[in-house]
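You will see two complexes here that share chain A, one where it goes with chain B and one where it goes with chain C.
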Partner chain A sequence: MTITVERGVTGKKTQAGPPRRPRDSYALFLLPGVLAFLAVIVVPFLMNTGVSFTDWQGVGSPGWTGLANYRELMDDSEFWASFRHSLFMVVAMAALPTAVGLVLAAALFDYVGKHFGSKTVAVLRACFYLPQVLPIAVAGIVWSWILAPTDGSLNELLKAIGLSSWQQDWLGDPDIALYSVMGVMVWVQIGFPLVVFMAGLQRVDPLLHEAAELDGAGWWSRFWHITLPQIRPEIYVVLTWCTIAALKVFGAVYVLTKGGPGGATNVPSYFSFTTFFEKTQVGYGAAISTVLTVIILALSLIGLKLQTRAEEGDGS
Partner chain B sequence: MTTALRRYPVLIALCVAALFMIIPLLIVALNAVKSPTEYSQNGPLSLPDGLYMDGLKDFWERVDYSQKLFNSLLISGAVAVCAVILSVLNAYAIGIGRIKGRTWVLAFFVLANMLPQEALVYPIYYLSKEAGLYDTRLSVIIVFTVIQAAFGTYLLSSVLGQFPREIIEAAKIDGANKWQILWRIVVPVSRPTLGVLMVFFFIWTWNEFLLPLVMLISNDNQTVSVALGVLQGQRLMDATMTNAAALLGVLPAIVFFLLFQRTLTRGIAVGAVK
Partner chain C sequence: MLTARRRVVAMAVALTGSLLLASCSDSDSGSSEDGKTLKLWHYEAPNSAMGQAWNEAIKEFKAKHPGVKVEFEAKGFEQIQKTAPMVLNSSDAPDVMEYNKGNATAGLLSKQGLLTDLSAEATKRGWDKKLTPSVRTTSMYDAQGVMGSGKWYGVPNYAEYTMVFYNKDLFAKYKIAEPKTFDELTAAMDTFVQNKVTPLANSGAEYPAQQYLYQLALSKADRAWVDSYELYKGKTDFHDTAWTYAADTFADWVKKGYIGKTSNSAKAEDAGVSFIQGKSPILFSGSWWYGRFVDEAKFDWGTFLWPDSNLTLGSGGNLWVVPKGAKNKKLAYDFIDITMSKKIQNLLGNKGGVPVAADVSAISDPKSKALIDNFNALSQRDGLAFYPDWPVPGYYDVLVSETQKLIAGSGKPDGYLDALQEAYDKGAPKQ
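Moving on to the complex of A and B:
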């Protein structure tokens, strides 16, 4: 590192006058970032919030209606349904992947890593992680074809193994569609917690496990009493990130079901999208997305808080 | 002996689970190389008789896939580079400059990163129309540069906060100004982290759907994700076409995955806990 320094600046002995307010002159470097943020994030966000108090339709001048949009939301069963579906998405994209990811990561780490080598671990990990790198639109195409009612691979497979009675219109039946979308999201999401947890497990002192094993602790009890508490910071990070991702889920719903059938898989982000661009009720759409934003920011703050506490409690 | 007996079932179970993860992609690949007649006769689960590439070729030409690939590469590449530059500038002021109120500045960037795009999308759509940037690749590049830089600023600020001060002090004594210190010392030394960020920004932008869907409506500007998603949403494709589309969408992702696997997995670990 020192070599780089010397090579980089040798022979540059210019202006060494006493710098005035040396700390604040760095603020200039922040200028492009702050301006860009104002233009792309702050101004649009404030506009969106402002529009949520109007009856704007995207053209003409907006009329101020105060809290009318929010009052209407309270009575809008479509709105409540979309948030109920969000909870299902949190289960599918945060709770299940975290739980399954923990067990998979620990099993890969404890058994496969120790007895079959890191190559095997890398291959298995890559298989689980692969769906994470696919564009969600592509994952949606793959699955809507597999889950198709006629000729869909899943139905064909059920027929082939003699379970024809289990065949379903996976994405077209209002009673099943939401669960099908949930299944796809578990598939998409599982690699992320797995990879984070595997990285976290490398921090855990192997001596702890060895000592517990000598004391006669089984795998589950070591998992429960040693592994879990040790990687608690990672668990909070993963839960926070995945919950936020679940609340924002859009592409999968757009490609798989378009919110249907009959609104059975509608979610807030898709709901606001159609309200903006299909119904052109911009004011109402803005109210939906503002509520979504408040929920996401609140959850993010809780998540950050838990994470900080877990890291402090860790003593690291 | 007992441990040997115990670990094989675990390995087998994990292998079955891993297989389950990639089977959907394997079936897609199988069916993308089947002819329509073969597909309708034998269904989706049979092995193909031979390689039938016309489905892929038809789809490629029909959606002008070369153009879509070019658009995606251009947008994601430009965002990756610009967002890293913007992140470095921000993080330099916050992490090394330790400007006044840096905690608040950092909180501002973090919050910006957590905002759902739904709460920005209509104003961005409207403002870009006013500015004459609607339906241009530039508009998407600008927006994602800023959104990705929010995360980059957050991550890099903590990395640069631990940058060895002696190096910077030494350079100052040698008469380097802040600009020179940034480009000749901080950037070269942090190159590994910047590389990880660049890979992430590239792939994240490649996979983005909502904003490109809204902003890029003309065929010539669409990205791979948007083109495929829109076609699928319209349900105009037959089974062979769908598989061709899916396979062509999956392939670039797999190429990036193989190229960047190590960076990706390492980067997630760094990004998550830092």
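Moving on to the complex of A and C:
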């Protein structure tokens, strides 16, 4: 598509329509947002970074220690273990919900919607989205009851259906606890990609599907070759958003396991929290959160870059 | 004249500057006493012995100080524990506050200069005479924040200690007599295991598990050992006889089924409920459960001190502290004084607490009397050995985490002791 610019005989742009406001006046509208961003994001981040170069205990005078906290961090096995657990959380909160959300969204859109009507789809969509609405503290407490080793609903259910040998201490066994927390997080997260993908599917031209169907393409073929490429921007948004959420996950770990048993579910944000408030090593805690912020920022930029590239690819 | 763009930039710079200044400035503005309001925080449940006694103390305070408004805020233990340094360093500090005792808590705050030195008041009002030396230990902190000597930074109005709670009905059902020795205790646990009953109520995710372990170590320890560990009066070696015995025995108890592996994710509340529901016949824990068991246990139960041990976990209770930035310190001292009065102390005793300055003859309830008599016996033989998480800030989490590994079997006693040593050496004051 080409854009035609009207020009006068002198070659200068002609003034069409109402006179434009000076650019400066728009800056006023940006001011509240910029100030809020400075006050809530930039200033605390800079202060946190400053504190990370000290041995501050939260009160009193901080002593400058340079890069000592960062050097200690590099050798801290607990810190690296917490990051390894974060990768598991990325699988649970980004990869799995995105994959499952895609299939569910396509199934609801293509099958349930056509055979049972839009109301049924709306109800099911709301049900899947419900865990996103629940406060994580409430959801966490309910899940801790479900996963309780004695009298927990899950173990009772397994017993009732004759699978007693499958009973576990879901949150108390170090070999299982991380997977249990991951399971809960899949349940929590799945509604978000589902809703975004269903919105994305609304804008896919139905003629593409109809044409493919006439050509004999099955559901899976249409999903793979039409649906997926068409909603690629939504997939990038969801993956970026959920990866960030996974890296900074805190509430679920706090409520379900407090990083235990034996550190098996510790994640960087919880590790930073205990370093701040339990050990009162505020300087070290600040170093952890600074590193975490930088990693999240880098991943966000990569995600945005990929998204932009995908959109440009679509537009070409 | 400024252009619109420059005006915007100037405003942004001015506002950002103000925000930076505001965030960096010392928020403790401080002000002189007005004597009109007492701001009080504590975290005792209203139906607990302490909660009831403090409510009565507030009434008494109001009667003695007409015209003074008491602004009481009920806080959570965790809430105060996690935010105390920040709150006390701000202008929002209360006049008097309940706070946890020990080096890593009240000691740390006193070292940071956040608490008022109460030494003169303690002498003037006679609090120093009312508290026995072992209870007084947690009131005093030196310049390094180590308890036991130095200035008064807190006043405990009650005490606490651990004991074995046992279900007499279940013991009778399996024909087990009350254990008088440690061997009899283990024999009793064997009998329960043979009858497919897990004998010990436990919680791996919170304090009960580490208290079993510390008690096992204490049974092989003496006062010098405790002073070395808690007061840094010597080198603490976690591979010594006492700690090694504790870790080995605890791991052995898990193997033998005295401690259920499924208790690893349980909270302290779960352990208490398991005892109340009659599922586990034995719970080793603190006097803070006493009043609740009186109310809720539907079976006959009793208590005894850990057999064959001179020492047990215990200390003066949580402290009343007066923040450095408190606005009405005189009123705060008056309130503390009321909580130390015979009237309030006797009420505390009769409600199932362990008072520190009560008239024992005024305690009418027989169960409460037994509780206090046991405490007095312990106190007189210098048997209070504090708690295992006190020496180092953040040590509670280390103990929870490492003990969970022992329960799960993923950690071995030797590794457990190594981990405790590493965290202790890292956090304890350098000698």
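One rule holds in what follows: the second predicted complex is superposed on the first by the 277 of 316 C-alpha atoms of A that agree within 3 Å, B and C clash if a C-alpha of one lies under 4 Å from a C-alpha of the other, contacts with A are read in each partner's own complex, and residues count from 1 in each chain.
As a convention for this text, a contact is a pair of C-beta atoms (placed from the backbone, for glycine too) under 8 Å apart; a residue touches a chain by one contact, two chains touch by 3 or more.
A quick note: this is a predicted structure, and the numbers were derived from the prediction, not measured.
Judged by the touch definition given at the top, the superposed model places A:60 against chain C, while chain B stays out of reach.
Which of chain B and chain C touches more residues of chain A: that partner is B. Contacts of A:25 after superposition: both chain B and chain C are touched. In the superposition on chain A, contact of A:258 is made with both chain B and chain C. Contact with chain C, but none with chain B, is seen for A:149 once the two complexes are overlaid on the shared chain. By the touch criterion stated above, A:300 is placed in contact with chain B alone, chain C being left untouched.
Contacts of A:118 after superposition on the shared chain: neither chain B nor chain C is touched.
By the touch criterion defined above, A:308 reaches neither chain B nor chain C. Shared-chain residue A:47: touches chain B and chain C both. Shared-chain residue A:164: touches no atom of chain B or chain C. Common to the chain B and chain C contact sets on chain A are residues 24-25, 27-28, 39, 43-44, 47, 58, 258, 277. Residue ranges of chain B in contact with chain A, taken from their complex: 3, 6-7, 10-11, 13-15, 17-19, 21-22, 24-25, 27-28, 43-45, 86, 89-90, 92-94, 96-100, 105, 108-109, 111-112, 114-127, 142-143, 145-147, 149-150, 153, 164, 167, 170-171, 174-178, 180, 182, 184-185, 188-189, 203, 206-207, 209-210, 213-214, 224-226, 228-229, 232-233, 239, 242-243, 245-246, 249-250, 253-254, 256-257, 261, 264-266, 268-269, 272-273.
The touching residues of chain A, when paired with chain B in their complex, are 1-2, 4-5, 8-10, 12-16, 23-30, 32-33, 36-37, 39-45, 47-49, 51, 58, 104, 107-108, 111-112, 115-116, 120, 123-131, 133-138, 140-146, 151-153, 156-157, 160, 187, 190, 192, 195-196, 199-200, 233-234, 237-238, 241, 244, 247-248, 250-251, 254-255, 258, 268-269, 272-273, 276-277, 282, 285-286, 288-290, 292-293, 296-297, 300. Only residues 22, 24-25, 27-28, 31, 34-35, 38-39, 43-44, 47, 57-60, 148-150, 169-175, 177, 257-263, 274-275, 277-281 of chain A touch chain C when the two sit together in their complex.
Residues 3-5, 8, 11-12, 15-16, 19-20, 23-24, 81-83, 85-86, 88-89, 108, 112-114, 204-205, 261-266, 279, 393-394, 396-397, 400-402, 404-405, 407-408, 410-411, 427 of chain C are the ones that touch chain A when the two sit in their complex.
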